[in-house]
Amino acid sequence: MPAQARSRAVSALWVLLRKDLYIEFRTKEALSSLLVLIILIILTFTFALDPAAGRSFAPAILWVTFIFSGLLAVQRAFVIERENGCWHGLLLCPVEPATIYLAKMAGNFLFLAVAQLVLLALLWLFFRLPPARSPATFLAVNFLGIAGFASLSTLFSGISVRMRAREMLLPLLVLPLLVPVVVCAVAATRTLLDPASAEGVANWVRVLIAIDAIYIVAGWAIFDQITQE
Amino acid sequence: MSEGRAPVAEARGLVKKFGRRVVLDRLDLTVRAGEMVCLFGPNGAGKTTLLRVLATLLRPSAGSVRLFGAPPRGSEIHRRLGFLTHDSFLYRDMTPVENLEFYARMFALADPRSRSLHWISRVGLRGFENVPVRYFSRGMEQRLALARVFLHEPDLLLLDEPFTGLDAAGRADVEGFLAERRRSGVTIMLTTHDLGRGLELADRAVIVSSGRIAWESGEHGVPDLRDFSAIYREVTAPARTGGLA
Amino acid sequence: MKNRSTTLAADGLTLLAGVMMAVSIYLVFQYVPTERVQGVVQRIFYFHVPAAWSAFTGFFVVAVASAFFLWRGGRRADLVAHAAAEVGLLFCTMVLVTGPMWARPVWGVWWTWDPRLTMTLVLWTIYATYLVLRMVGRDDPLVARYAAVLGIVGAAVIPFIILAVRLWHSIHPAVISAPKGQGGLGDRRMVQTLVFCGLTFLTLFGCLLWRRFRIRQLAEEIADLRDELEKQEGRRAP
C-alpha cells in the first residue's frame, strides 16, 4: 500500500509539473520576461562597475542577478493557481500538499536552471571570464545553489502569494534564510573562477548540500500547514 | 424516510470564524446517503462557507465535521467529493480537454482523454474542445466546471449556485444531470437563490441564516413555494434588517 | 480570582526586574573594576552580552511556541510566539546598538563584519520580517500559521547561518586585529557582574514577554465581548 501511494504521488507530481511547464510553454510569459530582466540587471551592473573590473565581481553579479530575478520569477508558480481559484481545485485532488510543494519546487528549479545557463553565458560573453577550473564542479555548485533557492522560495511564495504586499514580502522572507546559500555559492564560484587558486570547494559544497536538504525537508514537512484556511 | 440511511455529511456545533467575523455559528446538520438537500439563505448567511468546510477546504474553528461516517483525514477522501463553486478551478490558458485531462490524471482515473471528451460532449461543449478557456463565456465556463465536478464520479456533490450564468437550456441540462446522479445513489447538497427551482429539485429544504440552520423541512417533504416563501421571509427577517442597518 | 493572582505575580515580576536593574547599574558603574586594556567603555559589555542572551531566548521561545501552535493548536501558543518575537527583537536591537558603541573606541570602527555581529544582524532581519509578516497579514486568517512556519524554519536555518558566516569570515582575514572583546574576565567581580546582569535581563525579558502576551490576550477578550454585545443589541433592536 505505501508503495502504491508513493507511485501515485510520483505520478501526480509529474502530472502537475508537466501542466505547469505546458502552460509556460504555451504563454512563454515568465521565461521571456525573466531573460530580459536578467539582461537588464547585468547591463545595470556593467554601467555601475568598471567593465574591466567586472571579472572579479563576476561571482557577485552572477548570484545577485540570479536571486533578485529569481524572486520575481518563482511567484508565478502559485500566481497561476490563483486564477479561477485553481489552487482550491488542486487541493481537492487526492494529492498530499507535500506533493504539490515538490512539484512546484521542481518547476521553479527547472525554470531557474534555464535562466542561470543563459545568465552564465552572458557573463562569459560580457566579462570575458576565464574558464572554470573544474566545469563539472562549477555546474554542481550552481545546481546546488539553484536547488536551495528554489526549495526555500517555493515554500515562502506559497505564503506571500496571498498577501497584499506580495512582491515586497517574498524577498524579506527568503533573503535572511538564504544567507548560507549565498555565502557558499558565491565563495565556491569565486574559488572555481580563480585560475590562480588551487583551493578545493568541498567545504562549501558540503554546507550547500546540508542546507538544501534542510530547506526541502522543511518545505515538504510543513507545506500542508499553510494550505488549509 | 431517509432516517435509516447512513449519514454522508455531518456537521456538529460547527463554528467558522474569519479573523473576528463569525460566519458559521454552532451549526448542526446531517445529510444522509442519497439525499438531495437544498440550502437557501440570504447573502452572507454562511451557505458557501458551510460547503467549503464540508469540502475540507476550510478547517472548522470549533465543532466537528464527519464525511462518510469519519472525520475527514488525508487526501484520499477527495475522490468521493465533488465541489462546484463560483470559481471554476479551470486554467484559462488550457483548453477544455487539457483541463479535464489534467484533473483526470491528478485523480489517476482510467482513460483520461476519452473520459474528458465524453464529459465535454455531455455538458454540450462539443466543438469547443480545443478552444482555450479564456475565450469562454461565463455560461460555457460553468458547463465545463460541472464536467470537472462529475469527472471523477464523486459520491457526494457539493454544488454552490450550480445554475449561475447558465441559460434556460443549460439549467435544464444541469437538472437532468442531477436527476441522473441521484438515480445512481449520489448524495447532493446545493445552494440556490431560486426558491422555486430549489424546491422542485430537493427532497429536503434547509434555510441558513446568520451562520445557523434557521429552518429545516421535516418528514413531510418540502412545502410548496407560497408557504415556503412566507417561512423564508420570516426566518431570515432579523438577519436582513441587521444586514441593512 | 485567578486573574487577580496573575496580575499580582506580574506586578511582582516587574518590581523585581526594576530592583535588579538598579542593582545591575550599581554593579556596572561602581562595583566592577575597569578593564585594563579597553578602559571604561568595556562596561557596556555587561549590558551588551545579557541583551544577546535575552534575544536568543526570545527567538528560542518563538520556535518552540510556533511548533506547539502548528501541531497542537491553541490561541495562547500563537500569542506567546508573537510576543516573544517582539521582545526578542527589542533585545536584538539593543545588541546591535550597544555593539558599535563598544566597537568604535575598541576597534576604531563602528561596524565590522565579525561573524558574531554579522550573524546577529541576519537574525535581526529574520525576526523583523516575522513582525512585518504579522503586520502585513493582519486580516488574513492564515497569518498565524504563516508566522509559525517562519518561526520554525528560521530556527532550523540559524545553525547553518552561523556555520556559513564563520566559514565566510575565515576567508576574509580581519582588517582590524584588535584584542578580542570578551577576552579575559580576569577579575572575579567581572564574572559576578556579568552573571547578575544576565539574570536581570532575563527577568526583564520574562516581564516584558508576559506583558505583551497579556495585552494581546486582553485585546482579544475585549473584541470577543464587543462582538457578543453587538449581537445581543442586534437581537433586541428589531
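General remarks:
When the chains are written out, they are named A, B and C in that same order, and each has its own residue count from 1.
Operating definition for what follows: contacts are C-beta pairs under 8 Å (C-beta built on N, C-alpha and C of every residue); 3 or more make two chains touch, one makes a residue touch a chain.
Please read these numbers as outputs of a predicted model, since none were measured by experiment.
Graph distance from chain A to chain B, where chains that touch are one step apart, equals 1. Compare each chain's C-alpha centroid with the centroid of every protein C-alpha atom shown, and the nearest one belongs to A. Chain pairs B-C and A-C differ in how many C-beta pairs they share in contact, with the greater number at A-C.
Chain centres were defined as the mean of their Cα atoms; on that basis the chain farthest from chain A turns out to be B. If you average the Cα atoms of chain A and of chain B, the two centres end up 39 Å apart. Centroids of chain B and chain C (each the mean of its C-alpha atoms) stand 49 Å apart. Centre-to-centre, using mean CA coordinates, chain A is 32 Å away from chain C.
Within chain C, the positions touching two or more other chains are listed as 141.
Counting only residues that touch two or more partner chains, chain A has 229.
Considering their complex, residues 17-20, 22, 237-238, 241-242, 245 of chain B touch chain C. Contacts from chain C toward chain A in the complex involve residues 70, 122-123, 125-126, 129, 132-133, 136-137, 140-142, 145-146, 148-150, 152-154, 156-157, 160-161, 163-165, 167-168, 171.
For chain C in complex with chain B, the residues that touch the partner chain are 139, 141, 223, 227, 234-235, 237-238. Residue ranges on chain A touching chain C, taken from their complex, read 155-156, 159, 162-165, 169, 172-173, 175-177, 179-180, 183-184, 187, 203-204, 207, 210-211, 214-215, 218, 222, 225-226, 229. Note for the complex: chain A touches chain B at residues 8, 11-12, 15-16, 19, 22-23, 26-27, 80, 83-86, 88-96, 228-229.
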